Structure formats: structure tokens, C-alpha cells
């Protein structure tokens, strides 16, 4: 009979009218992000990083810009590490490519900004910078045994031979 | 492309179209045909009972710097056999006959190739740019394409009801 | 207290007020005039309140049906102040006048739309004896007035200088004109049963006997369908079908002008709900509770039914909608009229 | 003597029901459509060109952005093409996981289709219900790969990481819910007489027309042609599963809807079988990190949610593809829009867009 489907449909909607709701009241209730959630700011465990630049090379969209310095012991350190979130695809290739597992997402999904400029994120903290300065001076004063805690294998011989700190801006390979 | 057309059929094709060329050593040789005989070949491949390539699965082009290549992937559903037909085109004035008469479904794909690669299709019913704007110059998929610098849009800053240029 | 129950709250209050005014002015004419204005104010109050409450209710009902929560931020957990926030937003919006539009007609359209829907309220019996204008050709006048709502839609559609708006305007004309006919014929049965065109008589008859929904179920269904079409709500919202013609005749309106359309829509929604209540659900009649409360409850229930329909059904197509009206509803309504006539004849023979 | 003339109604690119930024010029005679010309390119990002300047592995996340409601299927298609080009053998477990993901994504995509069709018909409630249920699939994907839209889970050589231990249980729980929600859609939408009348007999295409327009996917199956690459090509591990290819009879919008509706159940069947037979083992093939396929070219196709998704890749022996062409099903299916609209009413045109189920990210590439 014509109209049977209409009545069934109305039955469904009235059941949902009184039924359970699917809404999450967002700022009050927050979902926990899953283990592998890709999002938020890139964070770096500075002491683990070996400045191998693989993350920048892996990045498909050149969202990572970093600068590397070499200390008196020919050990490379990050001088600056910039993550342009506007360019980022959140594809996870940088994190998967990181051999010492120094990179990770902070999983903070509340990253909307008013201005495009704010999307450029300085990954290195002030703490990291002071640590860098400390390491550099220590290396300059005491050239033979590196005082840095060895969390990672020594970088390969590809380090620039220059004894004094040299800036090399890394561009992803052509 | 699991099942590619076999050598006997290819030689049969060569008999019918002496101008067609293919590399008999290769595992899946593409059949090169002069532009003038393209539609005749496609009609032959589609209608001949031995071939029966009734589906044009893909139509595209590639820029090899000195010449263009039109690529037609044909599929015979039933025997599930593939064939690749290619046409080499002059790099300066690439023109190829449209295959919309044989496979009407090629209309948008040819327009896309015209738009992005700049290959003319003679006999196409409605040859216009499809993805890019009508007034766009250049063909981005060509290897020698240089992207123009993006226009500089002044950034605005709002202060107390007035708008200033930010920089 | 007894008198109050017999006459109904509204009439009692009005009577007290009138006596007080008589004492104050001592002039019959002046008192009548003031009383009329008070009634008018009350009516407009009802309309505006209805519009405000129903914008909220529509959002809430829609959300609850769609497994959402709906407004829950402005004004507490239930978002009770949402309509005021909406209103504030609409008022502060820029009034965009499209280029090349017919300015006068364009500006008139939203105002004119509000007039017929507001006028119709004059004939509604809210309670026993509480009718602003209890005309003895009430139904006739009501239909005459409500059919005027076609014109503003067409004006808005024509004047906006937009194809979407024009299509919307043309659709309105087709839709409203075709649904007017079955609507009128569905009401004829009731008029035959009561023998009066007076609204208060229709309710009085139902209060004494049975609700007409039991006597005229077919007419009730036809009336609800045509009322949905008259208020341009899903499944007959072709006039503003947002996925087809954006917003139909209102496409180019913004800010307060658009809000007026909105207001008229909800005034109409309440109006047809009240009409359904009056004609089929016994108006203000009901046990224990005062008449005006019964009336309100029934009207709100009908509003809910209309919202429920809206958020369940898809939209029909223009040709299907027209053929439903002319090929199904109108013949059905005529048959209903005939059956009612035969029924009355047999009843009299008995 | 009054004279009538036709007029052009420009629908889109900003229109509530053109699924993104499709623009259609309708030539109308009153409400009747005389001609419908689709105009696209508003979302053109030049992905083919972008892929030429990325390595093969870096290209995968870009395919997410093609058809962004079924990214898994795009990843799958691209990775298969690259693997065929480079001769990489994918481990069995990875193949099973890929099929599970692709079919779950097919369910999700068809839910979006049902929802947007309902929304275009004015029944926005139907849309909310389908999106509510799609959320469960997205939760599964989130669990597996940490993203809800652009998954980048299927990689060249396998999948990004193994399934988390709780996945199988959660997935089964979802599969148990499939009959429940399909019944709900059936009751709310399919059983609804208004819905049926809007779809039945509208935008009819004959099988010949569908073939001439080179349509693929559910659109061609609706005309009664069982052209499903999962059966025709039997790629990946699909031949190991028992499933049917639903076909329509009349080739109208109703059949397009029903074919997709029944595909949800069939996909759920495949996922269930794949979960049962999921072998142990590695999920990633071993191949050099800097992938340099030998010189050559490949055309590889898979059954995407919208039809035949083909990737034509030319390799010049370097780490980056020389040329990538993507055969996008939505783009080619759009050719039928004119035939599907001609002679019908404005209200049918939006249903026709919906029934083709184009995704502008894919159409414009």
C-alpha cells in the first residue's frame, strides 16, 4: 500500500528522536587520540637527534627546513628546525624515516591559527638551544672526548670536514 | 596488464597495417602507428572478430622532449587481453586525429590531453580546455613548462575599521 | 470560578479588563477601541513568540531526529537563548541589495508576505469566545486571505533578478494554487457537517459531539498534506529546495529581510497547525484543563507533526507534486464531499 | 503571440548540491533540461605533475588527495602500479590487509553516496545517519593508521604497519552492525515511496550508452553489465573470496542506488572472509629504500569505489616517475551527465550528479 514506507520512515525518525545521541560536546568532552595519530606539532627529542637530515629528505612537500652545525668534534647538531604546517601532508614519512626515533607528533589537534604565518612552527625549544650552546662550548674547550650522551650511533663519515662550525642549510634532494 | 596480446595476433595486425611497428623482442610491445592510420587501426581492433578490443580503458600522452607520444590502452573484455597503441607526434605542432568517432567515451580524456599537454585533436566535437581556465597560457604537463610566479596579492591588516597593506 | 470555567480564561480576563476600563474612561467606544488594540497586541505577541519558539524547536527537533543534540551552548545546556542569538546575528548582517533588482517590489515582498499570515490569526478561536473577529464567513475569508501569500513569493522571485529566485517564484505559484483547491474541498465536508462557516461554531460542534478527525479522516489527511504544501515544507519544499534552487525566492535576501521570510514561515506553520486543531482536533475543547491550554497543546502537537514530517521525508519533484494535487487529492476531496453529503442525508432519514 | 526561449542556469561552483566545486551549465526550457554541460577544474591541483617531481614512495600521500573519501583505494591502485613497475612481490598478509582496507573504504564511500543522495533529495536525516555509521569505519582506520581522511596506509611494497591486536575484534563488531544499519537505510530511504518515485525511471541509460561513455564502476553495473575489475582482472587476493557483483536492470538512478547499496553487504562479506583467512607474516616487502624501477611503463588498474582507477606510470630508471597519468573514474563517468539530464527536470539534475557520484578531487585531479 502506498504510504507504508512513509510510516516506517516516520517510525525510525521518532525512535531516534527519543534515542541515544551521537554528539560529542567537544570542548568539554575530548576524544583521546589513537596511538598512531598523525597530527599536531612535530616534536623532537633533541638529545636523540643525530642531525642526519633524513626527515627533510623524506618529506614529499618540503615542509621541514633545518640547519645543521658541526662542533669541534665533527659531530653534527641541529641549529634550527622549522616545520611549516601549511605545507605538511601529515603523511608520517619523516617520523618513520627517523632512525633514532627522535621525531614524534605531539597529538595536539587544536592547532588552528588565525594567520598563515602562525603555521610555521619552530620545533626546537629554548631548552634545546641552550643545550646546543652548551654542547658547542664544551666541544670547543675539550675537543677529544665528546661529552654528549650517546643515545644514537655516531653519524657516518659524511660529516663536513670543516673543524669550525659551518652552517649548511639543507635542501631536499632534487 | 596481465594478458598482453600474443605474437600471432600482432603479426596479423602487422599484415593488415604494414605501417604499424612494434618491438617483437619486448614482453609487452606497444604498437606504433602513424597518426594518419590511427582511427582505421582502432576501428579494426574494435570490430575485427579476432581482436575485439571494444574498450578504450585509458587515453593519455607523454612528453619525451623531442616528440610526444599518444598512448591508447585497449582492452578486450572476455578474453581479457590488452594492447597498447602509441602514436609518435612532432613536438612543434602535435596533431592527432580524434578517436571520439571510434570510442565516444574518449571525449573528456582528449580534452584533458589537449588542455594539459597541448596536443590538437582534429575532428574532436568540442575541443576546449577542460581543467584549466580558458585564458590559461601554456600546457603544464609538458616537460619544458615553466610555472609563472604567482601573482603577488597584497596582504591586508585591519586596524580600527581601516584597512592597511601589511607589507 | 464557575463563570471562569464556563466562559474560559481568556474571556473572563477580557471581561474584567473591560469593566476596569469602563470605570476608568466611562466611554463605551473608547473602551472598545482599547480592547481591540489589546487584542491586536496579543495576537502579534503570539505570532512573534511562536516564531521565536519554533525556530528553536525546529532546530532542536531536527537535531534530535538526526541523532544530534542541537543548540546547547547559548543559554544553558539546552541552548534556550539560541533564537535570540540567531536574531541578533540576522539583525547585524549586511543588507545586500542585488544589482539590477526591482527595488520597490523587492523590498515590499518580505513585508507583504507577513501580512496574510498575520491576518489569518484574527479568525482563530483560541478559547471559548476568544476570537478577535468572529466573522460568519470565517473559513471563506481565511482562505481568501491565505491565498494572498502567493503574490509576495512571486514578487520576491521576480524582483531579485536571479534565475534561481525566479524559478522559485514560479514554483510557488504553481504549488500554492494547486494545493488551494484540494484544501478548500477537504474543508467543505466540515462546513456541511456544521452548517456554518463560522470558526467558533465549528469548534462548538466538535466540543459537543466528536472531533471531526473521526468523522472526516480522509479530509484530515488531505488537509495535512495540503497544509504542508501551503507552508512550503518538506516533502513539498520545492519553493526553497536548497539542493536544487538554493533558496528559491529568498535566494538574494539577507539579514532582516530574510528574517521576515523566516518569521512568516513560522507564523504560517503555527497558522496551519491551529487550523488543523480547529477543524479536526476539536479546537479548545477538552476536559479539566482550561480551553486555551488545550488549544495550545493541540497546536504545538500539530507543529511537531509537521516538523517530524519535514525531517523524515525527501522532497518530491515538481511534476509529481502537481499531479498528486490534481490527480489524487482533488478527486479524493470531491469524493469525500460527496460521501459526507450522502452520510448526512442518510443520518437525517434516520 | 508570446514567444518563449530557453535560458542558461549556471549551477555551481558554489551550489549546495554539486558535491564540491562542480559547475554545470543547464540549458533549460522552463523546468526541463535541454542540455547539461559539466565544467570542472576548480579543484585542479596538478597531481600528475606533482608526482613527477616526487619519488615513487613520496607520491603515495598525494594519491590520498585524489578521491578523498576512498583514499585507501587510491593508495592501493598507485602502489600496485609501482609494484608492477618495480617487480616487487607483496607479502600475503599485506595483500589481505589491503583488501580489508579497500573494502571497508568502499563501504564508507558508498555510505557517503547514500547520504549525499538523500541530502540532495532533501532528506538530510538520511545523510546524518549514514555519516554516523561511517564514523565507525573511520575509527577503525584511525586505529590502524592514525588518520581519518588521508590514510597513507597502503604503501609501496605492503602496508605501513601491522594491524593493532584489537583491530580484528573491533572490525568484526562493525561487520555485525552492517545488516543493522543497512536495514535502517532501507526502511528510511529505500522503502520510502517519495524516494522511490524520485529515482525510478529517472536518468535512464542503456547499456550501450554506458559503454559508449566508457563508464565504469557502479554506474555501468547499474545498466546490467557486470563489469567489476575484482572479477574481471581478479587482482590481488580477490579471487580467493566469494562475493557477488550486484547489477541493475534498468540503468536508472534507482538501480545506481541499489547497486551501491548491495555492494555494502558484499564488501562486508569480503572483509569478513579476509579477516578469517588473514595469514601471519611480514606486512612489508623487502626492497631498497631508494626505489628505482627499471626503465619501462605500466598501466595498472584497480576497482576503485567509483569505477576503474588506473595508473599509467612511465619510468626512466631514476627515483622519480617520468610521467604519471591517472585514469580517474569520476572524470570519465561525468561524460554521461548530459545524457542523464537531458529531458528531465531541474530536480532530477541534482539527483543525476549524485547518482554518478563524482568526487571533485578526483575529477579535477
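By letter and in written order, the chains are A, B, C and D; residue numbering begins at 1 in each of them.
Convention: contacts are C-beta pairs under 8 Å (C-beta built on N, C-alpha and C of every residue); 3 or more make two chains touch, one makes a residue touch a chain.
What you see is a predicted model; the values in this text were computed from it and never measured.
Enquirer: Applying the touch definition from the top, give me the chains sitting in contact with each of chain C and chain D.
Expert: Touching chain C and chain D alike, sorted by label: A.
Enquirer: Suppose chain centres are the mean of their C-alpha atoms. Which chain sits farthest from chain A?
Expert: Of all the other chains, the one whose centre lies farthest from chain A is C.
Enquirer: Find the geometric centre of each of chain B and chain D from their Cα atoms only, then give the gap between the two centres in Å, rounded to an integer.
Expert: 23
Enquirer: Roughly how far is chain A from chain B, going centre to centre by Cα mean, in whole Å?
Expert: 41
Enquirer: Taking each chain's centre as the mean position of its Cα atoms, how many Å separate chain A from chain D?
Expert: Those two chain centres are 32 Å apart.
Enquirer: Per the centroid of Cα atoms for each chain, what is the distance between chain B and chain C, given in Å?
Expert: That gives a centre separation of 61 Å.
Enquirer: Mind pulling the residue numbers of chain D that touch at least two other chains?
Expert: 125, 129, 132, 188-189, 192, 194-195
Enquirer: For chain B, what residues touch not just one other chain but two or more?
Expert: Residues: none.
Enquirer: Residues of chain A that contact two or more other chains, please.
Expert: Each of 6, 9, 12-13, 16, 22 in chain A touches at least two other chains.
Enquirer: Would you please name all pairs of chains that touch?
Expert: Chains touch in the following pairs: A-C, A-D, B-D, C-D.
Enquirer: Could you please specify the touching residues of chain D with respect to chain C in the complex?
Expert: 7, 9-10, 15-17, 31, 118-126, 128-129, 132, 188-189, 192, 194-195, 197-198, 345-350
Enquirer: Where on chain C is chain D touching in the complex?
Expert: Those residues of chain C that touch chain D are 65-68, 163-164, 167, 234-235, 237-238, 241-246, 311-320.
Enquirer: For chain B, which residues count as touching chain D in their complex?
Expert: It is residues 1-2, 54-58, 60, 62-63, 71, 73, 77, 80, 82, 84, 103-109, 112, 116, 129-133, 140-141 of chain B that touch chain D.
Enquirer: If we count contacts the way the header does, which residues on chain A are in touch with chain D in the complex?
Expert: Per the touch definition, chain A meets chain D at residues 2-6, 8-9, 11-13, 16, 22, 34-39, 58-60, 89-93, 96.
Enquirer: Please name which positions on chain C make contact with chain A in the complex.
Expert: Contacts found on chain C: 61, 64-69, 72, 308-309, 311-313.
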